[in-house]
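Lettered A, B, C and D in written order, each chain numbered from 1.
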Amino acid sequence: MAANEADKLITSDDHEHPANLIPSLCAKFWTLGWVTGTGGGCSIRDDDLVYIAPSGVQKELMKNTDIYVLSLSAQNATFTDRTYLRAPPCHKPSQCTPLFLAAFTRRGAGCCIHTHSQWAVLVTLLLEQAAATHGGGNPKVFEINNIEQIKGFRRGWKKTGNLGYHDTLRIPVIENTPHEEDLTEYLEAAMEEYPDTYAVLVRRHGVYVWGDDVHKAKTQCESLDYLFQLAVEMKKLGIPWISDIPRVAPDRA
Amino acid sequence: MAANEADKLITSDDHEHPANLIPSLCAKFWTLGWVTGTGGGCSIRDDDLVYIAPSGVQKELMKNTDIYVLSLSAQNATFTDRTYLRAPPCHKPSQCTPLFLAAFTRRGAGCCIHTHSQWAVLVTLLLEQAAATHGGGNPKVFEINNIEQIKGFRRGWKKTGNLGYHDTLRIPVIENTPHEEDLTEYLEAAMEEYPDTYAVLVRRHGVYVWGDDVHKAKTQCESLDYLFQLAVEMKKLGIPWISDIPRVAPDRA
Amino acid sequence: MAANEADKLITSDDHEHPANLIPSLCAKFWTLGWVTGTGGGCSIRDDDLVYIAPSGVQKELMKNTDIYVLSLSAQNATFTDRTYLRAPPCHKPSQCTPLFLAAFTRRGAGCCIHTHSQWAVLVTLLLEQAAATHGGGNPKVFEINNIEQIKGFRRGWKKTGNLGYHDTLRIPVIENTPHEEDLTEYLEAAMEEYPDTYAVLVRRHGVYVWGDDVHKAKTQCESLDYLFQLAVEMKKLGIPWISDIPRVAPDRA
Amino acid sequence: MAANEADKLITSDDHEHPANLIPSLCAKFWTLGWVTGTGGGCSIRDDDLVYIAPSGVQKELMKNTDIYVLSLSAQNATFTDRTYLRAPPCHKPSQCTPLFLAAFTRRGAGCCIHTHSQWAVLVTLLLEQAAATHGGGNPKVFEINNIEQIKGFRRGWKKTGNLGYHDTLRIPVIENTPHEEDLTEYLEAAMEEYPDTYAVLVRRHGVYVWGDDVHKAKTQCESLDYLFQLAVEMKKLGIPWISDIPRVAPDRA
């Protein structure tokens, strides 16, 4: 595609256009500590087109001209020799690309966010520590229940309604790999094993969160980060993540 | 009410108009971590009219056109089949509505704020923990004294003046329910039992704070959040919330 | 003074004018958590005139028209029946006024800042705790040494130069009183006992910090808050505030 | 150099010009808590010219007219009697100047950032504490591995590529001196001993971080601060900084 044709893909006056939304979202994520030091990223799918933040850019300074565009239907979209409809010459494609594509193709997500939030990292470290030192607990899944914010999550893939207050939110944890692209197979396996999850934690690394659209991905990512932070503080105060509390009213869900 | 008539209710150049204030307050609350992931909310009463933030909206992006308007004097205002003077077609009404209405009708409040602040949640968890593990303490009330910020609270309903430095601030705690609307009866019962309180904590959920007007609700909510955060830090450092310290000067209050 | 004459005192296009500076400083302090819930405040002296933030105003929303103006040379300036050159009719004067005046008249300060910073409160609680539980330590003075940020403080009243890295910064702590105005005599006594200090902590309340001008008061207040926060974190990690470390280079101060 | 000639050095419409970049970076650093109370600073080299933030200025209020300019090739550039091409009359040169120059002349850096971040200070205190109380560990180097964010650092001086996930990031720690200029010899010695490092911690003081250009210095400084904060939280939770975890995929680096 000619450069000036390609630039039309990322040029719009509409601030809801993916090429405008990604920079404004990334700037917000930077203030939340999610994309420190060029870590993390964000991708939006609009039908066949996938918009991706580049690698190595200061996330609070990103512009629409920094955005990569990929066609999902192109035969090589998911392979390492994939070609981009638009590729800014001064950048490198995000190493997160195959992970974003997994959320789009395997889950039909409309947006995927990857953060390096310290709360996500600390939760994975605490799970590892618990399994190693107490001989108990499964280090491969984060579980929490009986917290109102859990209601911010969908019950699951193609299911209607959200999780209830007494439900247990489960987020699978995969081990980190030296190269981000190598995470893809583990991410996809976690999607298989936890068909209802909207997020996967990566040990000592961060979290991938997706949603049907930008709104859902962003608000679920916020709710998750809230729960991760709360979980770390609960651990400091000796309060368990899973509790069995009496129900004061019937669950009509 | 016709849609264009209804829109007049939320259209004003005055940034002190409730339909403009709620979005600006919610944006501020978002930066404070009070309304993460669309949680929490805010409602303002102006005589007979009640303005309410909708459910499920990103609170830092809210606009006046997102606001619901309800008539307090309408016969069905407090019932589940209540009708709205204005209801944005793209939104759902806030599940907090009956709780906001309780503050307006039972206490004559002019503004009610609901946060999911982690400090509020942690305080309710610490009270639960203390009752369960030490066999002591009443998990159904948060108490703190001898902190200057306590003076930010009114002495109570229809009473003049504020709490003094040596007074004990008491905030009742109710148990969470699977459905937010089901909290209403417990909130109302807490209002009965603690006639002077301007706030009710909800275990593992957050806090409802009200005031005679927006200024008082907002500043009391800030002072409470300050005290909740301080209380959590005090607990980490082994400092009790209630103390019996010598008085260095007479309390003239 | 006629109202329109009085308004001239707080009307200026110069954003360095005290009536413009106090609102911009207070807005900044609000984001730092220093003046939550209308707590805390700020006052600037310009020759004979003293500009003071009012009581009970949301600090991030303050305007120049909210500012009180007092004449220092007026006979009753420091007494409770003091008259103001300008007093906004909708507000109450700050209860901190006599404390600000003490800094201006006893120390010749040009600016005084009062914060309710949680770090300041926690430091006073930790000093109280140490004296009560370990039987050691003087709860009436905060001391820290061998931290670079200490160099942000003047050596003392009418002395040239700043504290050195190995010097011990000492901030006296006074007990809180039910009424803020009653703190004045204790603040003045602490000024007598610690003639070099530029700040006084108030137990379970906050801190008063002053300086020769706005720049010095504000930067010393920032440095102090930094040290209070660091001190709390050091306590959590078991690191003492006072150390005796070997000197790697001569102190030429 | 005549004053009006000198002012041309710091006058540009390009917001990427060093005299514009330093103020905008410093304002950002202030919000991150890196340059509290006029502490810390930043310098950019553009070929022969070195632009330096002055001493004692409120970092969030800095303007281009506050900037010092030095010629690297001038014979006395690195000596204490160095002359400036531009020196704002109302300011004092930064005491960090010889340390910035060391990064430029010894490492060919294009930008050097100095922060007083509390996380940096706490990490140096924890290293000191570990060496003193457990008799183990080298207090003169901070080491962490198996954290994704480590990949934000270059492998080293004139080396291509970045550190890998399983690599150990090592940041030397030098002892603080009463006068910042006296740090220079120790900083240079640390550069000799750790030829691959892009940063040096200063005990009880902060950190110096440099990079080939502003982008690299700033993003490496962010990644380091992230790791320092994470390390402090890990210590609170009893999680070691160095681990020996099984590799789930080959390291192709």
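Note that in this section contacts are C-beta pairs under 8 Å (C-beta built on N, C-alpha and C of every residue); 3 or more make two chains touch, one makes a residue touch a chain.
Each chain and its UniProt protein: A, B, C, D = Methylthioribulose-1-phosphate dehydratase.
Just so you know, these numbers come straight off a predicted model, no measurement behind them.
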### Query
Is the contact between subunit A and subunit D built from the same residue numbers on each copy (over half shared) or from different ones (under half shared)?
different
### Query
What's the rotation, in steps of 5°, that superposes subunit B's Cα atoms on subunit C?
90
#### Entry: Mean-CA-position distance for subunit D and subunit C (Å)
31
### Query
Just curious, how far off is subunit D from subunit B if you go by their C-alpha centres, in Å?
44
### Query
Of all the residues in subunit C, which ones touch at least 2 other chains?
236
### Summary
Seen from subunit C, its contact residues with subunit D in the complex are 146-149, 152, 164-166, 215, 218-220, 222-223, 225-226, 229-230, 233-234, 236-239, 245, 247-253
#### Entry: Complex interface listing, subunit D residues touching subunit C
33, 36-39, 56, 58, 116, 118, 121-122, 125-126, 129, 175-179, 182, 186, 202, 204-206, 232, 235-236
